[in-house]
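Alright, structures below, take your time with them.
Paired with subunit B in one complex and with subunit C in the other, subunit A is shared by the two complexes that follow.
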Partner chain A sequence: MAGEAIVAEELTYWYGKLVAVDHISFNVAEGEILGFLGPNGAGKTTTVKMLTGQLKPKAGKATLLGMDVAQDVEKVQAEMGVCFEETNLYEQMSAIENLRLFARLFDIQPFDGYALLKRVGLAGREKKRVETYSKGMKQRLMVARSMVNRARVLFLDEPTAGLDPTSSEAIRNIILEERERGATIFLTTHDMMEADKLSDRVAFMDQGKIVTFDTPHNLKQQYGKRALKAKVSTGSGELEDREVILDTPETPNAIHELFSQEKVVTIHSEEATLEDIFISITGRGLQG
Partner chain B sequence: MNLKRIAILLGKDLWHGPKSFFFIWVIVVPIILSLVVSLIFGTMFTEKPKLGIADEGSSQLVAMTEQLTSVITKEYDTVSEIKQAVDSGAVDAGIVIPADFDSSVMQGEATELTAYVWGESLAKDRTILGATIATLVRELAGQEVPVEIESITLGDEVSIPWNDRLLPFIVLMAVFFGGLFLPATSIINEKEKRTLEALIITPTSIGDVFMAKGLLGFILSLFVGILILILNQAFGAQPLLLILLLALGAIMASETGLICGALLKDITTLFAVWKTGGILLFGPVIIYMFPQIPQWIGRFFPTYYIIQPIVQISQRGGSWPDIATNVFILVGLDLVLIAVVMYTLRKVKQYAT
Partner chain C sequence: MNLRITGALVAKDLSLFFRNRFFAIITILGLIFYIVIYFVMSPSVNESLEIGLYAPVVPTMFEQIQEEGLEIKVVESEELLKEGVTEGQYVAGIALPADIMESLMSGQKPKVSVYFASDVPEEIKDAVEVIIRELAYRQTGQPLSVKISEDILGPDMMGMQIPPRDRLRPLLAVALLIFETLGLANLISEEAERRTVQALLVTPMTVKDLFVAKGITGIILAFTQATLFMAIVGGMSQQPLIILITLLMGAVLVTGTGFIIASLGKDFMSVLVWGIVIFIILFIPTFGVMFPGAVTGWVKAIPSYYLVDTVHQAANFGAGWGDIWQNLLILLGFDLALLWIGIMALRRKLQ
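The block that comes next holds the complex of A and B.
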């Protein structure tokens, strides 16, 4: 059985009177992908900063691979990789120079930067200055940089935000490959579809607290409602939406009425999304 | 702190620094300024010091002087001619050799020599001429002799040549441009572009980053400072002492740069601080440029303790005892700044995160 890669115990942080993270506790197993979700200002970034040693918790404790993050920062940081949401590369340096610099800081020898760049789809552009890269290329380089030390724990903050579908898919594949390698991945994202697709478990954070923590499947089972979504034609030729909630005693009658009394144009079943679940738990959307 | 990581970061800044505008700017500006001043005031391709001689007898000293390659010698017939030459700056100094001078010194008798010195002559020229006369008299006598040289300054006595007045300004600019701006702009850039955040989530600490930036400023500041003194032929007789002073000045500059880098949020603010706070740095050199300002005022400025010893050595022929007190004060100021740098490290961490 895999051990715990990340353990947060009563982790707390405040800025002045604002409690950003309020006594949160959770575990992430080795080799697991955790989707860490929540609206802006929920406390996600502060949590990540405490887990990566950038902020010292005001209360509580975080351990990474069994090491106390606050006490053994250097050892902890040697085992982790971080991909930030905002690009923060040395733009006047080439991609290969960026990777080699960080490999040297991690004391990784030998280091094959070309292989890593090929893996993220940047082969052939290794020696070009980063400032000439597109946003998608920079983001791929950011992901590559977080992997120079073959990190056992990867913190990825919105790794696909604002990217085209091809770049997003490439990065998602890399995340899954890293999980296959055995890395633990702490994925912070707004993208519910992405979280649903990639995460073994998801944590919803709101107002500094973790409001729910489970597998996407269990959450859908627990909070979601399956439904039939139909478009019907009215007498004037316009289309209107209809919804029939499944799994209730009234469902058979509702379906019968829909087909006998309306002119159904299209119909499909729909599962609850993580966003729906988040709204049902917190009463507000993720963008809020 | 980890020396290997500091070296990696320093190497990165030295290797990629020349791609940055600031890197070029802080090195090139003082050099260009120095060249311009040297060209305007004619010391870049300076001539040898000129010595006038009026021989009232038939001294061998005249022939001995004419053989020297380091000094240009001109003979004058009368004392009034030589005084006129010195007064107009045709020669840097003129000596009047009494009729019985050679026999007196050879017999070891106490002898007097009158030397007229042009008030605006360069300090280094006066030093060369003084040492030359003393050496020649010793050679003539074959022994140490009690020759008293009466020195009379002609021309504008209070006037310091503008080249000499500007040298402290150029040296301080060289030391502080590199030492202050490079660490400050480098740290501010790392904060603005958030690369500092990327560095400190590796095993690299903020202390490593600061040390690398400080060393970058120190090395370039010392390099440009030495280059400026070489260009101005201002090393005098104590080059090692001057290098020590430049090194202590470079430490002060780079520490100030680190503090600015830690506390200021962008380059615009840095320039605003440079414009308003520059008087604290350049106060002593401005005071030195204008001798009519009471010179003791300079002591209130920290950079006085860099500039005063440099001037003392390079322009006034001073040595360690003349500057020791000010050097100890300078070391003290550097230590105080180190403590301030340590304190501001915490601030940087807040900015970085």
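The block that comes next holds the complex of A and C.
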């Protein structure tokens, strides 16, 4: 059985009178992808800062790979990689220079920056200054930088935000490859589809607390409602939507009525989304 | 402190500094500009007084005094003499009567006309009058009935007056040092503004490594330029060790100042504004070297005074350790204080 990569115990942080993170506890197993979800201001960033040693908790404790983050911050940071939401690369340096700088900081020898850049799809642009890169290319480089030290724990903050579908898919594949390698991934995102696709478990955070923590499948089972969505043709030739809620005693009759009384043009099943579940738990959406 | 990490950061910062076109150009052109200024200035001091003379018969005494720092130009007529004085060719014009020798020998008082331009300082008028009286005594062979005693207050500069360009040397060296505060402050400010420091702080690098690296970068940039300048303009010919140590301490001073500016500035423009304000303050003591008497005692409250004064004393007068140790001690105190304030302010900003 895999050990625990991340353990948070009663982790707490406040800014003045504002409690940003309120006694949260959770753990993430080695090799697991955790989707960390919540609206802006929920306390996600503060939590990540405490887990990565950028902030010391006001109360509680964070442990990474068995090491106390506050006590052994340098050892902890040597084992992790962080990809920030906002681009923070040295733009007047080339991609390869950016990676080599961080390889030196992590004391990685020998270091093959070209192979890493090829992996994120930046082969051929290694020596161009980062300031000439598109947003997607910069984001790929940010992901590459977080992997310079073959981190055992990766913190990825909105790694696909604002990217085109191709770039997003490339980054998602890299995340899965890293998991295959054995890395633990702490994925902070607003993208429910992405969290659903990638995460082994998801944590919903709201107002400084973790409101739910489980696998996407279990959450859907517990909170979601499955439905059949149909488009039917009316007498005048127009299309109208129909919905039949599944898993209820009335479902068989409702389906029968739909097909016997209406002219069904298209039909498909629909599962609850994580966004639906978040709304049902907190009463508000993730973008708020 | 981790040497590998510090080395990587210093190399990165130096590389970024010279990739910033503004600072790269300013640094290189600034150095060239200051060197050119130094070499186009006169290497010697002209202390002779040019005096015009109209005399039908030039007395021998005037030939003697030419060897003592006075330049006498004999003109053809009194009118030409007046014209020369008016046009500023001579600081004064002396017109002697044709019978001056006879009058002097017979004990009479000959009339000597002395012409001055309207803007001649009172000191020159007095000096010329004294010269004429002295010459008259020499000519008649009668000694002055008073004993003159000379007391030199302060260093006796007789025969070792400093040419303007050498006087300017400490000013230019210190200007180069001070200007580097801007470059360093901008490097640090950009690191915070672009959040690259956040990326650094989640690696095994510590905040201490960061400050040491920034400090080394600042010292290298400032010290190298000032030392290069002093070496090229011959400022190391006297007391090179004292000058090197003083410039090094000056580089530490400006590094501390750079930290403070970086903590105040939010972007390039605000760094520039704060930098110029501090540049002007630190630059004030240099005027004291260029124009002695132009600044009052309060200038000693400005840290750069001890830097400028030490470089001036050592480079221009060969002052030794015994003469400048107090300056260096005070400078060290300012170095430590400014570095401490700068680090505290910057740490707060970065967190």
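By definition in this document, the second predicted complex is superposed on the first by the 285 of 288 C-alpha atoms of A that agree within 3 Å, B and C clash if a C-alpha of one lies under 4 Å from a C-alpha of the other, contacts with A are read in each partner's own complex, and residues count from 1 in each chain.
Everything that follows uses one rule, which is that a contact is a pair of C-beta atoms (placed from the backbone, for glycine too) under 8 Å apart; a residue touches a chain by one contact, two chains touch by 3 or more.
Everything quoted here is computed from the prediction, not taken from an experiment.
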Putting subunit B and subunit C onto subunit A via the overlay, clash or fit?
clash
Using the touch definition from the top, say if A:E180 reaches subunit B (first), subunit C (second), both or neither.
neither
On subunit A, positions contacted by subunit B and by subunit C
52-54, 74, 77-78, 80, 82, 84, 86, 88-93, 97, 101-102, 104-107, 145
Subunit A residues touching subunit B - in the complex, by the definition given at the top:
49, 52-55, 74-75, 77-78, 80, 82, 84, 86, 88-93, 97, 101-102, 104-107, 145, 149
Under the touch definition given earlier, write down the residues of subunit B that touch subunit A in their complex.
4-5, 8-9, 12, 16, 19-20, 193-195, 197-205, 352-353
Across the complex, what residues on subunit C touch subunit A?
4-5, 8, 12, 15-16, 19-20, 194-196, 198-206
As the complex stands, subunit A meets subunit C at residues 52-54, 74, 77-78, 80, 82, 84, 86, 88-93, 97, 101-102, 104-107, 145
